[in-house]
Amino acid sequence: MNKYIFYPGCSMEGSARAYYDSLKVIEGPLGLELEEVNDWNCCGATEYLSINLIPAYSLIARNLALAAQQNTETKTVMAPCSACYLNLEKADYYMAERPALGEKVNEALAAGGLHYTPGSLEIRHLVDVIINDIGLETVKAKVVRPLTGLRIAPYLGCMVPRPDYQKRWSDHEHPSELDDLMKALGAEVIDFPLKTACCGGHMTQIGPETAYELIRRLVSGAEEFKADIMVTVCPMCQMNLDAYQSETNRYFGTNFHMPIVFFTQLMAVAFGINPKEAGFGLELTSAKDALAHIGLEAPTPAAAPHKKAEGLPMPKALPKKYGGE
Amino acid sequence: MSDKPKFAMYWAASCGGCEISVLNIGEKILDVDANFDIAFWPVAMDAKYHDVEALEDGAILLTLWNGGIRTDENEHLAHLLRRKSKILVAFGSCATEGCVPGLANLSPVSEIFDVAFHTVSTDNPNNIHPVASFEVPEGTLTLPTLRPVLKTLAQVVDVDYYMPGCPPEPHQIAAVIDLVIQVLQGKAQLPPKGSYIGCGASTVCDECPRERNVKHITAFKRIQDVAPLDPNLCILEQGVPCNGPATRSGCNSRCPRVGAQCIGCYGPAEGVLDYGARLITAFASVVDAKEPAEIDAILDGIPDPTGQFYRFNLADSLLRASTKAWKR
Amino acid sequence: MSDKPEKPRVGVYVCHCGSNISGVVDVEGVRDWAQEHLAKDGVVISRDYKFMCSSLGQELIEKDIKELGLERVVVAACSPHLHEKTFRTASERAGLNPYLTELVSIREQVSWVHTDKAVATEKSKSLVAGTVERVVYNTALEKLKVPINPNTLVVGGGIAGIQAALEIANGGFHVYLVEREPSIGGHMAQFDKTFPTLDCSACILTPRMVEAGYHPNITLLTWSEVMSVSGYVGNFNVTIKKKARFVNEELCTGCGICVEKCPQQVVDEIYEAGIGHRKVVYTPFAQAVPKYPVIDAPNCTFFKNGKCKACEKFCPTNAIDFAQQDEYLNVEVGNIILATGYDLFDARRVTNYGYGRLPDVFTSLEFERMCNASGPTNGEITLRDGKTKPKTVGVIHCVGSRDKNFNNYCSSICCMQSLKFAHLVKERTGADVYEFYIDMRTPMKSYDEFYQRVLDEGTLFVRGKVAEVTNAARAEHEKGKLIIQVEDTLIGKQRRIPVDMVVLSIGMEPRADSKQTGQLFGISCSADGWYLERHPKLDPVSTMTEGVFIAGCASGPKDIPASVSQGAAAAARVLDKILQKEVELEPIRASVNEAKCSGCRICNNLCPFNAISFIDDLAITRINPALCQGCGTCVAACPAGAINGTGFSNEQIFAQIDGILTLAPARSAGVGL
Amino acid sequence: MSEKFEPVIVGFTCNWCSYRAADAAGTARIKYEPNVRLIRLMCSGRLDPTFVMKALAGGADGVLITGCHPGDCHYIEQNYKALRRFMLLRRTLKGFGVEPERIKLVWASAAEGMKLAHEIDAFVDEVRKLGPLNWPKWENESNPAEVLEVTA
């Protein structure tokens, strides 16, 4: 069993309900044991740090202080949401990097009888935990309904691979972790060039036109490369592309229909769980016809004939750190 | 007064073992008696300092001085016997290089007194502390005082010959006495002034019966931890720090021959400036490791390098004493 | 300590070196101080002069030696590495053994590095005192003359190695030319055209290869590697491993039928840079020298599962020999030239340029192979599908060079190579060409004229470091294209330029195994990994190790003319050593006083040159003067003090330590009681 | 005594890398503390611990030993022996009450003039903080009693 201190973050119970439901149903098969940080609070998402550093870091560090004193056997905090993961990692990193900041934050925490020594916790994202601790072989073993025939555009977002303080990810612009995880489910994964491009973040609130352009690029990119569905690891990316896709269509006069769901939802379906329990139906841009490609009962389509490779051979890829194929 | 030449021995800062080793020459002591008139030998006969002062200068032909110079009394006697003797021989390791008494140069005199009189080594219920002079009804009593560092004989007076060894081997003493007797009978020449007599020109390995190969030291161990010690193989190669390679020959490799590592009592080889430095470089050169961490692990096998390399030669080394002894 | 021998007559000469020394050090003060205070150490005359290294300065010394009967000379001037030879030869002319003259560096180690005049003068005085006390113990020495073996070993069959081998062979001396690949030719054999002349690379290279291949004085050892080197200048002993070719060279005529009939094809990672294929039994290219093919055993069906043997069946002279074993040759040579060449930067490390992910991104070497008529596309410039002709091509400079994330240095040839590509694309496809550069570096003869010509042909130049090559289109016209995102610094705007094909001008890197090879030949590498020259400006082809020379890109990126001239230069250095018939070895040697040696054998494994040997029956150790390099490690190690060394004897160093400390500031002596 | 203690440091360099590094610092006119007086040996392997002890006993306050980086030695591997001797020497000197920081070993290649200059400055500073060593000049005292005051 892999045990972690679990920091859900506010969106898991709100706009990213599907992420939470699908995670809950795959915990068992993956052997994940999650113990929630008791009395955790909001992580400040992408806005608070840019408004006022000390209260923002204190807000985040409170969660770290609580987690550090929680007497579970593990010292690893796991956050499924990219913004929570990055904020927790930033707080831990900068409290050590700038001792003055660390002192002021601990002064604030002292008001609540709390203290956090930077470096005493390991902060990791759900994808990193699944790939490096649980391992792709275990994931493959658990797949009962391979997603063959489903073309996925893996969209990791910008906060997970950058700035990557602890150098955990294979590359800062074209990481392959999410691609390999989806391939492990049997799906066909396109080489999506914008996999770490920005989704607009909170620009949908402050400057919608910019956000619409960024969303258009992502959705049109996925469509151009004939993806059936996009998959992400971050509630903010999911919400921006899902909720604002109709707005973008209206703004540009296009009619994209590119569903975007959480990678855990596809893992659930691949593990044999019915789409409803995996949180499907909660998305705004319906993933119904995307699922039709792998209709639960639909016979798996005949395998495409193997094309004789001609043209010039591609150079061999660099060996990966974690053994993805 | 017989016309035989006078012979003297004096015992300064040492254990007296050299005096006993003179007796070890067996019947040869009779030759000494036959050829010499013992003028002054405090351990063997009752001659007083004023007897020596009464002699004119150079009256004693041969003086064998053993022991380092630690007190002002030793210093006084050294100058006195130098004046009174034709040939003054630094007899044994203490006189030649300070030997074990010289190891006291690692600590200040105050510490020596403390340990000697106020710790478990002495039963001193009323906590008496010795003083240089003390008034009693009969008059003033004085005791010799300690110099801050022990000096070898040659560091105080001019020395004619040196006989290393702790103690010098009886067969070497006998050989020297024979030589002096032959010189008296005009049958031999005295060696050049300042030379080392009663010893060899090479080092202990020259006389050691054990087989020697190329050295690859992967660990230093105490001899009792190497059980069983191979009787035929060089002791150093078995990881036991043997000072033989840097120690002057002459003792016929007495200790390694019987399975004990040489600890260096015959002192440095001919012309060597600092005995300990020779061992530092020799041992370090054959340690078989390249990474600092590995090297440290191997060197930890010699917990007290200063003691290991300067057990006998501290007072005659380049540095002679530790800063604790002389620096305030 | 035996007291000092009766004082020899010493002359001290303090140099002004123009104002280099006298600007900071009070030269007259040092001169007078030496006259007074060092008289007790034998100083009979102390002079100063503006330029001691000038002929007048040297004559001062020579006159004093003759007239005052000087027996030692101490010159306080610059570094011994500069003028020790000058002053020692001057003394020799006046009849004094050269090794009785010593140089004190009061320029590089005092005047140039300190500012406080008084302290610098005091330091100079103590350095002079140290050397004067030391020179008393110098002894007259004679150089050791050792015969030179006239054979030479050249490692690396690229253009630099071939040039060196030919120069020496034409000079009438024998050369062993060792090459790791099946054929000589190196990187140059892979290029199509060469800049700036657009000569066809094979046309100008092959004649040299053939000349080397059939030269009576050159033994060609291809498909071979040097395994070990021992000995010293004039007398190296080298072991070479000749890998099994599985082809009998006596019988093979080079007809190529075996290559034709071989059914197994693999990607050729080396010669075709991974963009073409070759058979399992192969010669790298048509003009290969020697012409004998090799069997790539790991990929050969016979070696894998015992079947096939097509090549053996069809060989007219049954030259195929599957049982052939590796051979080990031992050769004796006097000098070694390392012309081991370079590796190319791995473009996959720059993930944002997409090489390895985006099919139509090529490296410069892949592009060279495409342009080459004998290449995989027979000279046609196509995209990765091997068919479509590009309409727009982007060439990116400085990939992996001048970049603090990868290599700081400039690889010197990529600009010209990129211009050549632009010309070739224009000439063969008429496509539009964009060049993305930081600075256009075209320094050598008629290089810039070539740049002007490419400009005139309409190539479009964008000055800026490319940020990204992506296939994520943002607009209709970008779909299906590679978009180059770059800041055009001349117009101060971000630009997105859609192209069909991208060529990455990748930089040069030292060979991956350059450190190990360097240690094999006893030479060191710079921090980047290039071989270290003895002097970067004045001695670029020799190394710190006597008798080992370097040529070509092994010591750093350079173009073909520079590599060729370095090959010839290294050959010239070797020829002048061979013609001297013998080499003079510095007389700095160690020797064992056999009376004192107890045979403890502590020194026996301290000598990497095997100069120390144990004589069993006498149970003592001896040092072979010819093999001893004079490092002195055994002198310092001998526990009995039985080993001493000329030139750096214990007495000399002890005296120098005493002398150097004479002017230790007089602090309260001894004990602070 | 001048208000600022100026230590005297004897330096032993090898002829190939570290002496050339000192030359390189010279040609590049890099300024560094003048307290180190260099003695050139053929190799760091030539360094005999006796030299260090003689320098300390002769009035030096610190000893600097320089050599080529491991693997770069002109004589292949002799700097490893220098490293081992240095480590055993420092341990032995501790017994003499000599602070190990008074002896320093620095690897410098021929191109590292700047690095050697910085190492020298740092070392001079360190020795300056340790203060003078002031080893007694044993051999040239006229009368031992006068120099070493009698203590009870």
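Annotations
First chain written, first letter: the chains are A, B, C and D, and each begins at residue 1.
Everything that follows uses one rule, which is that a residue touches a chain if its C-beta (ideal position, glycine included) is under 8 Å from a C-beta of that chain, and two chains touch if they have at least 3 such contacts.
The model shown is predicted, which means the values in this text are computed figures rather than measured ones.
When the interfaces C-D and B-D are ranked by C-beta pairs in contact, the top one is C-D. Chain centres here are means of the Cα atoms, and by that rule the chain farthest away from chain B is A.
Distance from the chain B centre to the chain D centre is 32 Å, each centre being the mean of its Cα atoms. If you average the CA atoms of chain A and of chain B, the two centres end up 80 Å from each other. Here the CA centre of chain A is 58 Å from the CA centre of chain D.
Annotation for chain D: residues touching 2 or more other chains are 48, 50, 54, 81, 85, 134, 136, 148-149, 151. Looking at chain B, one finds that residues 148, 273, 278, 281, 285, 326-327 touch two or more other chains.
Taken as a contact graph, the chains fit none of the simple arrangements: neither line, ring, star nor complete graph.
Interchain contacts (touch definition given at top) occur between A-C, B-C, B-D, C-D.
Here chain C touches chain B in the complex through residues 1-2, 595-606, 619, 633, 636-642, 650, 654, 670-673, going by the rule given at the top. Only residues 171-174, 191, 193-194, 197, 217, 220-221, 224, 310-318 of chain A touch chain C when the two sit together in their complex.
For chain B in complex with chain D, the touching residues are 72, 75, 106, 109-110, 113, 130-132, 145-149, 151, 155-156, 273-274, 276-278, 280-281, 283-285, 287, 289-290, 292, 295-296, 299, 302, 304-307, 309-310, 317-324, 326-327.
Those residues of chain D that touch chain C in the shared complex are 1, 6, 8, 10, 16-17, 19-20, 22-23, 25-27, 29-32, 34, 37-43, 45-48, 50-51, 54-55, 58-60, 68, 71-72, 74-78, 81, 85, 109-111, 117, 132, 134, 136-137, 141, 147-149, 151. By the touch criterion given at the top, residues 79-81, 105, 107-110, 112-116, 119-120, 123, 126-127, 130, 515, 519, 522, 524-527, 532, 544-545, 588, 606, 608-609, 629-633, 635-637, 645, 647-648, 650, 653-654, 656-658, 660-661, 664-665, 667-673 of chain C touch chain D in their complex.
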